[in-house]
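Questions regarding the structure given below will be posed in turn.
Going in written order, the chains are labelled A, B, C, D, E and F, and every chain counts its residues from 1.
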Amino acid sequence: MTDKITALDLAPAELSDATKAYFAKCREKLGLVPNVLLAYAFDEKKLRAFTDMYNDLMLGESGLSKLEREMIAVAVSSVNHCYYCLVAHGAAVRQLSGDPALGEMMVMNFRAAELSDRQRAMLEFAVKLTEQPAKIVEADREALRQVGFSDRDIWDVASTAAFFNMSNRLASAIDMRPNDEYHAMAR
Amino acid sequence: MTDKITALDLAPAELSDATKAYFAKCREKLGLVPNVLLAYAFDEKKLRAFTDMYNDLMLGESGLSKLEREMIAVAVSSVNHCYYCLVAHGAAVRQLSGDPALGEMMVMNFRAAELSDRQRAMLEFAVKLTEQPAKIVEADREALRQVGFSDRDIWDVASTAAFFNMSNRLASAIDMRPNDEYHAMAR
Amino acid sequence: MTDKITALDLAPAELSDATKAYFAKCREKLGLVPNVLLAYAFDEKKLRAFTDMYNDLMLGESGLSKLEREMIAVAVSSVNHCYYCLVAHGAAVRQLSGDPALGEMMVMNFRAAELSDRQRAMLEFAVKLTEQPAKIVEADREALRQVGFSDRDIWDVASTAAFFNMSNRLASAIDMRPNDEYHAMAR
Amino acid sequence: MTDKITALDLAPAELSDATKAYFAKCREKLGLVPNVLLAYAFDEKKLRAFTDMYNDLMLGESGLSKLEREMIAVAVSSVNHCYYCLVAHGAAVRQLSGDPALGEMMVMNFRAAELSDRQRAMLEFAVKLTEQPAKIVEADREALRQVGFSDRDIWDVASTAAFFNMSNRLASAIDMRPNDEYHAMAR
Amino acid sequence: MTDKITALDLAPAELSDATKAYFAKCREKLGLVPNVLLAYAFDEKKLRAFTDMYNDLMLGESGLSKLEREMIAVAVSSVNHCYYCLVAHGAAVRQLSGDPALGEMMVMNFRAAELSDRQRAMLEFAVKLTEQPAKIVEADREALRQVGFSDRDIWDVASTAAFFNMSNRLASAIDMRPNDEYHAMAR
Amino acid sequence: MTDKITALDLAPAELSDATKAYFAKCREKLGLVPNVLLAYAFDEKKLRAFTDMYNDLMLGESGLSKLEREMIAVAVSSVNHCYYCLVAHGAAVRQLSGDPALGEMMVMNFRAAELSDRQRAMLEFAVKLTEQPAKIVEADREALRQVGFSDRDIWDVASTAAFFNMSNRLASAIDMRPNDEYHAMAR
């Protein structure tokens, strides 16, 4: 296996100081620069648009915990069989939950996990939205409200699931390779 | 039908001057503020992340024409049966091409259109990425290169198709309603 | 695009006086001879069998309104992504309902429309029959009875949905092209 | 099991002399009146439209043999798991071919049969048209021409496959029951 | 058609006396040696592992009758369109039930049969396990308990359905041909 | 999470000395008794039939390496999203290959791995057999022969893929839980 991060041959851009600083911060906090960022780095405008959306979605204010957002990320990526996202976000579920088996369940089949009604409903919605987006109806939103989600929370469930349907497809389209470090994390 | 833009009850935010100016510019250039922007406006940070990504993707520099990017948007939305995106981006295809029938073909079945080899390959890739993202392999990328797409172009085909797989799902999840004005445009 | 009505090269038949009169009546009432009739006209026996069945089904006595039958036609054609039928019958829904948006909803995703329980049940049945005919069971028929359909009405829901599953497939098989006039009708 | 022919309770019509004569002819030639005709008999107009189309399609002039048309009928009905059509037309394949195993293969999986290139291409087209009508493209028609089908023949392959996609769905929608006599025929 | 039992060219093994005796017993009791046994006979270890599992499952102690186990076998094989298993086990359903139509219903569409709640639930479980194994949840097992199945019975429903998902795939993979004798049995 | 190995309440059998010895050998060689064996242990006859088939298939003589057989096991289980088999056999791929990333690729999407033509063809066959068993035709077997597999090898590819289609379904049907030890193995 080569060291290529994607299957595409894209001319690398000269990184701005801001981007260099951002990558340095990644290395400090995560121990690595996620390859998805390096993949986007050929065009800083695209990189920033991606990180702005990602950071707001996964790290910003929300009625969903960070772990719950990562669980959605992985359950969606499992349906789409996205290697990059399953490796990177599977590691995040293991880390945030401190439960290696939970990470594996999200990767393999979220239905194998013993979840609260809230979390099960959240993942059922995310997976239906992934598999059959055209069939989401009011009853599906109502099922989330029944287990305690506010309309504001439903936005976050929906936009997280939607985001990974994008991210999975970009990663699959260009054969994006995850950083090796993820594999051993939080086992 | 009520005037609700989505099925969610989200407390509207006070719009900043920058957002007000942006919406004014939309009204001036498009004759309307697309409802997707109003839907995001409950949180300006989310609104800006969305518009930054969208504008770069659909209006920025690319080896794909704006029409081609809109064709991808609609062909993907057709697979996902997304009412909002088909209405809004179907109108865009009609306008940019000056060919109402082409807009309808993208909405209904892109295979009904007489396309160049380049455009057919582009849409076949976008639709396969939508339907079976896990089955994209090097041969699929190679098929795009064979009809003249550069690796940089492949990024744009992939990221446009991926973006609408996100956008379709957010719109379906919250029952986003398109502006009425789109229906009659460029018929 | 050529003027061909289908992808097949079929020797045209000499039209009988009866057929000429029928086509003249189409021109008078609809402003055009639907291309599907011209496509069948290579064999008058097939043409007559088709029009007899079609006219009885879509224009004959029924507990379903003509609009409801056209809504079934379009919702079924949407599942099957049939360009010909979506163009021709989408126009019919717009005309009969006087609601251009309703026509678009049937084309794109009937679930986006605010429908009565009766009409929603009718379209859910038609779409299930289209997607998974083998899984129709008594409970599906009972759901129609619950919203007020008689057994005689169920026959009409079923046979209309069934008919367009035929018509969609013939049109797709031979790349039947709709008359251009439909696109601008009743917008 | 009751003697009901369908799950619907439809008021029987007084049969006209013409219909009585037609049924008498069925009894004479087939040894039975196919239940599908009795199901339609509540409305003679619908009955005639159905029999006109059916008889032209299955018994009329064609470049396809009657056996080939029945093979299409059964292969399509196998995809759709239509009990009525598989029983009735499976019997027809056994009778016309004199090969009970061929009838069973069409019912179960046409790919198990050792077929000529012509017949295999014919059934592959019919099955693709059944499963994925929106994905039929010129290459599919060309594949039929390559094995010797004329454009006129392609119409017949397409319209036979299309017809049984209708007939399967009507039968499934109303739980149409085949005549018992079919089961033992031509075993 | 040749006399080959499968599409593979496997060197036949010298049969042991035990295997010869077993085949003789088959001939005596069934009137034939099922071709699946001949297909496995190239390796007696594989043959014995298969027959041990099969005989325990289909003929051993169980809360399910032999007919019920054969009904599961055929309903599963119908989903998988396995020619070998549908022929061989369809015959078994006809024989054990004395009802030729029941055998045909299992082959074609088990939903066409008038079944007890118990048997319908059993087949619904078997078919869901075949089509969407990852979506089986506690509610599916509970539905079996509701109609009277013990947990021990659920094991048998599950393992019978699972076994034929294996057997169907081996048969399809190697084009295994059923014995001709099955076709006429118990008609 | 409880200590239950499956969702079924099955009366445990008294273990024979042979079974006790077998389990002791498992503990010695693997460091654990795989839960699948404990799940079957309520009935020693079923346990033995399972282990006889499994051991011959996965450990016996074959033109496929043990790693290749485990790769098939995991690629098939990935399609079926079987938690038990992905955990247990994913660990086996990591151990046998000494390559943790390869194990993850088989679990997530085998197409992400850089494989030899032989191994890619093997897994494509196994996955097609899993997803669409009815569509396997001679060309699929021929593709295996083209990359060097003998007919005897094809039997092993087919029967391994088929076996895990059984095993995945039994495990999913009864919610079989893998031993915790697998998660950390060979990371």
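Just so we're on the same page, a residue touches a chain if its C-beta (ideal position, glycine included) is under 8 Å from a C-beta of that chain, and two chains touch if they have at least 3 such contacts.
Quick caveat, the model's predicted, so the values are computed rather than measured.
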| item | value |
| --- | --- |
| Centroid-based (C-alpha) most distant chain relative to subunit F | C |
| Inter-centroid spacing, subunit F versus subunit B (mean Cα positions, whole Å) | 43 |
| For subunit B paired with subunit C, centre-to-centre distance based on mean C-alpha positions, whole Å | 29 |
| Between subunit D and subunit C, distance of the C-alpha-averaged centres to the nearest whole Å | 22 |
| Multi-chain contact residues (two or more partners), subunit B | 81-82, 109, 134, 175 |
| Graph class of chain-chain contacts, one of line, ring, star, complete, other | other |
| All chain pairs that touch each other | A-B, A-C, A-E, A-F, B-C, B-D, B-F, C-D, C-E, D-E, D-F, E-F |
| Touching residues (chain side subunit F, partner subunit D) in the complex | 134-135, 137 |
| Subunit B residues within the subunit C interface of the complex | 1, 78, 81-83, 86-87, 100-101, 104-105, 107-109, 112, 114, 175, 180, 183-184, 187 |
| Residues of subunit B that touch subunit A when the two form their complex | 7-11, 45-46, 48-50, 52-53, 56, 60, 80-82, 125, 129-130, 133-134, 136, 138, 141, 151-152, 154-155, 157-159, 161-163, 165-170, 172-175 |
| Subunit E residues touching subunit C - in the complex, by the definition given at the top | 109, 111 |
